[in-house]
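So, here's a batch of structures to check.
Same chain, two partners: chain A is paired with chain B first, then with chain C.
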Partner chain A sequence: MLRREKWKIIIPFIVPGLILFTVFTMYPSLRGIYVSLFKWSGMSQNMTYIGLDNFAKLFRELTDPMDFYNLRTYLSHNLFMFAWSLLTMFLGLIIAAIINNKPFAHNVFRVTFFFPNVLALPAIAVLWSMTLNPSFGLVNTALNSLGLQNLALPWMSLQYDFPLFKLGLYTVGFIGFWAGVGWYMILFLAAIQNVPIELIEAAIIDGASRARAFWTVTVPLIWETVRTVLVFAVIGVLGSFALPFVLFERQPQKHSDMILNYYYWQAFVNNNWGYSAAIVVGIFIVTLAASIISYRFFGRETVQY
Partner chain B sequence: MTTANPSPAFVVHKRRKVTLSRISGKAGWVLAQVFLWIFLATVVFPMLWTFMTSFKTSRELFSAPWSLPAEIQWANYARAWDKMHVSTYLFNSIFVSATSLFGIMTLGAMIAYALARYEFPGNRVVYFYFIAAMMIPGFLSLIPAWFLHRSIGTLGTPWGLIIQYTAGSLPFTIFLLQSFFKTLPKELEESAIIDGASLYQVFFLIMLPLAKSGLLTVAVFNFLGVWNEFMWALVTISKDEYKTLPLGMSNLLETAYYATDWGAMFAGFILMLVPTFIVYAIFQNRLAEGITVGALKG
Partner chain C sequence: MSTKRLSRRDFLKAVGVTAGSGAFVAALSACGGQQVAQAPQPTEAQKAEAKPTEAPKEAAGRAYFDFDKMVNKDEWGRLPTDHKKGTLISQADWYKLLGDPPTEPIVMVGFNGGWGTKWVDIMLEQLKKEHPGLEVKTDFDPRIWEKMKPSLVAGEVPDWMYATLGGWGGQWMQGVTDGLVAPGDFLLDLEAYGFSGQRVEEIMFPGSLKAANGGLTDHQWTFPMSQYMLGIYYNTDLFEANNWPSPDTITWEEFMDLQKQIAEKIKPWTYAGKYPGYMDNVMSPLMYKKAGQQAYCDLDNLVAGAFNNPDLAWGIEQVQTIFKNDWIYQGSEAMTHTESQQIFVDGKCAMIPNGSWLENEQRETTPQGFRMSYSGVPAPKDGKGFKNAIYASIGSADLQIGNGKHPLWGMEIMRIFYSPAVAKLWAGDIGTPIPIKDAMQGAKASDALQSALDRLVKADGHYGAISHYGQWYPTISKPWSDNMGDILWGKIAPNDILAQLERAADEVRKDATIEKHELTECTDVLSQ
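Coming up: the complex of A and B.
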């Protein structure tokens, strides 16, 4: 192929997308980092360079024990969601293991469990706030008619006390679980199906129970997937925004807001552009660190037989 | 000799152990199935219940939330379509998604093909330039992109959404399609060129049809991403006439609280879900495949 000929396809094929991507994705992302070094608030164009002061403020808000409803509280909500997503991951693995044994109607389970994943988060929020509505919702009316009035709790309430957090935040966690478990299931199912069946059969012939064969043969073999999924869970948890935002009526809520909700109020309501940029840069750094740690130091090598 | 012929006691002991574990295994299996059915109920019941409620009056919802509608209220759907602007949201979402999808797939496939098939200095650099962006959280660019669109006049219009969705979806698209194009045989292209086809003809008439399956998977995936996108739409779109379905969804609760028209709200919810249902019913397998490939390779 002629060299000139080759460039006739490379340039028109690559350049338009490259420009669009550079202008609207790469440039704004880099500028987001740049802006985090400035004091820039309000609609004015005045940006004052303040070095790492925004990050110092970020750190102060995270560590100051006096300032109660702040970043630290929001971050604790994110951590709570992370605990939920570990549970989700675990149950997703269990569900994948069960479905892989092809129980009755396993395809119905697979297709149904994955379905919440394709719904927009606002749709999920609307669905559950109707289902959990205290006066007509499916759950509480059922509990009441079964004589279990004590269990008919105000699920959406951010006043109702529960261990550590308000009940409403537990509900957010449950909804996250409900929406996310199918995703983990699909990934683990694909990984499990790649494990050579002979290895599991060999373990069973050697006297291991099915459960034991799963934990000692299958799980080490899919460790790579577990690790990848863990990184996705960290990214997902730090990116939580829409669920609490829509569920709790688009108001700042000190008992349910996550770090990105705080970012949203800072950026688009208070117009603290510089400081809010520092918040997302912080999230970016944590995300990067999580993936590096997972690949470098989460030392367990994938077993290959 | 005793080792070669184990005593009867030992055999019995072993057999009993096996049966015990089999019983506990069976119990575990039953328990596992019960767990699956319960979770299935948490997905199916709320869906069926909202569907059923969408045909009831608001009064019925409060007096008999579990019973079937006394009379099917088609009027709920009419009010949702009209007064709750579901029709507007739906058309906006279709327009934005279709246009973005066209842009993403055209630009993405061309770049992926050029990167997969042509060796040139900088090939790797361009590839990693796109792929690196998959590590960057989308909200990092939110504020600068907001100002950028304000300065070019696309802020708050569907075009602001389309441009941003197209640019933002390129990394994932290129990542998947590049590896897909690499798996296609080279011989067809070569023989086509010998037969006198131009390089463009090779791409549009030979490679694209060959890559149909990969393109479809990526397209379904991108469609859902764009269709469900919430945050960028939230911070840029304020006019009701430009709102997409996710914004409409989040409006829905507020509208119903003020107007107390719960019947129409449930109907609006169902209407907004119909496209997602259809796409899921048709492309469910491709979605699972796309997620697996996208997550495990990345």
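Coming up: the complex of A and C.
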């Protein structure tokens, strides 16, 4: 009886969210899987069922020895962004640890680091593209005025060679770092603040340094958060689109496009919505696999305290 | 859809670059004042090519379209079945066919970009003056093609569309295939608004309807909106002070020597590195002038091996030499089009690959006294293409009549677009002529525009580097556009990129699910 009464209270809270989730997330997702089985221009209701042809095409393009369709090139850009994400996570963790110790003006730092998260990604892209503009941007103007002309590089160039990738892609990674580090910092800070101080103090009394206590006590205790953040990073990286899209003027760019940019081209330029849906289903499968892997292989026994 | 020809590439903003004729000069030179283009005469090429429009071959009414595809069969059925092609339908008779305004609003949608929407206000004024009680619902948006997709899929097609089908309207052909577009053949015989006694077809700039129609010949599916020329803009004062000739008065080989001279004083070029396709305004005409028209027709017709053409490779290699020689203003590769244009008007380099909108686009930020001139791309000594051919659009494929609730009213909106009042606004305020014969409506031509008009006279109706495969088969042009930066900077060899295009063409050839098109005539001269 008590349980039934409890549900009477819970259900009204759940149902609106469930309806929104079903309509705006579940249905489009399932519809995407359905569309991936058709040839469809996306302009009318004329759809032709073609079974798994779109997936066969995706597999063919992925495994083309010449990477003619640049799919592996695009995925390598996603991977590069993942490397940036790991760096962002790491520094987010370090910053969180520092701020948790409440240094001077820590609240100012916390707000400052988090601030980019209140800006939309396209706005961030526009802001940075002006800041890094080769002719009037703040960065190069400052470098030139300091006599450091050699360092005034064309930051947004997709022709300027850097190790493995072009300079422009490093810029994308840096901007992603700038925009994301505050988010990771907040997540880690919340987790660190939940770690009982007694455990840290006990470790220090036992002779551990602060750094040692952090890596051997705090980090294992927040491992759930680390793992969740890792999954977020994988999802975020495979969903990378807006930043390069806006930074590079919405043009197809071989040296900065990621897998979702290819999806966009197939859907909106090549009118091949069925195939673009297959690409997204492929991304979903990879994301799911990455999530499972991260939970299975990075999973540790949850530490209770 | 049937087959035929049209434009090679839809330039950077997915606007079809199409060919034209000296009649473009006629339109522009109709302006008054001192800086007026030469009085236009039909060019020899035009005279040779001039012939009556072929499509549509059958009578109007039901024969104008597959009747079953029309959404509003009642309204479409009002078209007279006994109408003879080429016979004027007076405005009064047209209004009888139109009948009273519908009780619900008619719908016009379009792109809201650099051209603004002032011209839409003028259209609305005229529509309401002619049809009291008519209600018009408008939606003009910078991303209208994305905004409209759900409505189109739901079968709610606007009555009149501007750049709505696909990005910047670039996929209008798919819209035709999907039955979203109503044919506008009947419109061609209606009395043009503000041009008493003349049919719409008669007031149109010669070649513009054909150019806009993307090579389709069964019906007039799409209508042109604006006209522009593509090529090289150079700093006039700088060239005059140094006695450097205009690029297109010398051969390409001499032009390469000239660039060497220029480089001793100033960087010869800037370009929009973020839109490297701007440099294609030099590369494609050069490839055409070297390889000739037949080579371009072969590309469109998917002739096996057409891309493996050494003349095309030569054109690419020449442009690569410009980059290899460091004749590019530092940092250009990271600039947008407006940033590189600013470098040019600030006098920091000698030339820029661009289009005839350049002067207007930079008007607000051009230092007082700066003069620019247009030049076509110089022809190589032993080129097979027409030496003075120009790379231009005489009719961008932007406007369609929707196969929606009120296709006849969509036709009426289109008729109003080609009115003197709208033309005057475009010529004066926007600085771009719409494709009707008297497009300038008394507006003066600037120095830069005048220099472009001079080239149009010299072009004698030849429009080079026009091809369609990019619009017909986007997968072929993707390697070209994706690799453009690498191509320019010599990071991919000419033969390698052409091999990629050939492979993409081969895949299209073999793919039976892709609808094929074919040019039935191969010419660089367009006539109505």
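Following the convention adopted for this analysis, the second predicted complex is superposed on the first by the 266 of 305 C-alpha atoms of A that agree within 3 Å, B and C clash if a C-alpha of one lies under 4 Å from a C-alpha of the other, contacts with A are read in each partner's own complex, and residues count from 1 in each chain.
By our rule, a residue touches a chain if its C-beta (ideal position, glycine included) is under 8 Å from a C-beta of that chain, and two chains touch if they have at least 3 such contacts.
Quick caveat: nothing in here was measured; it's all calculated off a predicted structure.
J.: Who does A:Asn144 touch here: chain B (first), chain C (second), both, or neither?
T.: The answer is neither, since A:Asn144 touches no partner chain.
J.: Name the contact category of A:Ser135: first (chain B only), second (chain C only), both, or neither.
T.: both
J.: If you stack the two complexes on chain A, which partner ends up touching A:Glu249: first (chain B), second (chain C), both, or neither?
T.: A:Glu249 sits against chain B and chain C alike.
J.: Determine, under the contact definition given at the top, whether A:Phe232 touches first (chain B), second (chain C), both, or neither.
T.: Touch partner of A:Phe232: chain B, not chain C.
J.: Pick one for A:Trp155: touches chain B only (first), chain C only (second), both, or neither.
T.: Touch status of A:Trp155: second partner only.
J.: Touch test for A:Asn70: chain B only (first), chain C only (second), both, or neither?
T.: second
J.: Please work out whether A:Asn46 is in contact with chain B alone, chain C alone, both, or neither, and reply first, second, both or neither.
T.: Second partner only.
J.: Quick one: is A:Phe268 in contact with chain B, with chain C, with both, or with neither? Answer first, second, both or neither.
T.: both
J.: Counting only touches as set out at the top, which of chain B and chain C does A:Gly168 meet: first, second, both, neither?
T.: second
J.: Which chain makes contact with more of the residues of chain A, chain B or else chain C?
T.: B
J.: In the superposed view, which residues of chain A touch chain B and also chain C?
T.: 135, 249, 268
J.: Inside the complex, what are the residues of chain C that reach chain A?
T.: By the definition above, chain C touches chain A via 145-146, 149, 152-153, 155, 165-167, 170-171, 174-175, 177-180, 273-275, 277, 330-331, 333-336, 339, 342-343, 474-475, 478-479, 481-483, 485-486, 489, 491, 500, 503, 513.
J.: Note which residues of chain A are touching chain B in the complex, please.
T.: Chain A reaches chain B through residues 1, 5-10, 12-14, 16-18, 20-21, 23-29, 31-33, 35, 94-95, 98-99, 103-104, 108-109, 111-123, 125-131, 135-138, 141-142, 145, 178, 181, 183, 186-187, 190-191, 209-211, 224-225, 228-229, 232, 235, 238-239, 241-242, 245-246, 249-250, 260, 263-264, 267-268, 273, 276-277, 280-281, 283-284, 287-288, 291.
J.: In their complex, what parts of chain B are in touch with chain A?
T.: 21, 25, 28-29, 32-33, 35-36, 39-40, 42-47, 49-50, 53, 61-62, 65-66, 107-108, 110-111, 113-115, 118, 120, 126, 129-130, 133, 135-137, 139-145, 148, 163-164, 166-168, 170-171, 193, 199-200, 203, 224, 227-228, 230-231, 235, 245-247, 249-250, 252-254, 262, 266, 269, 272-273, 276, 279-280, 284, 287-288, 291-292, 295-296, 298
J.: Would you tell me which residues of chain A are touching chain C in their complex?
T.: Residue positions touching the partner: 39, 41-46, 68, 70, 132-135, 154-160, 168, 248-249, 251-255, 257, 265, 268-271.
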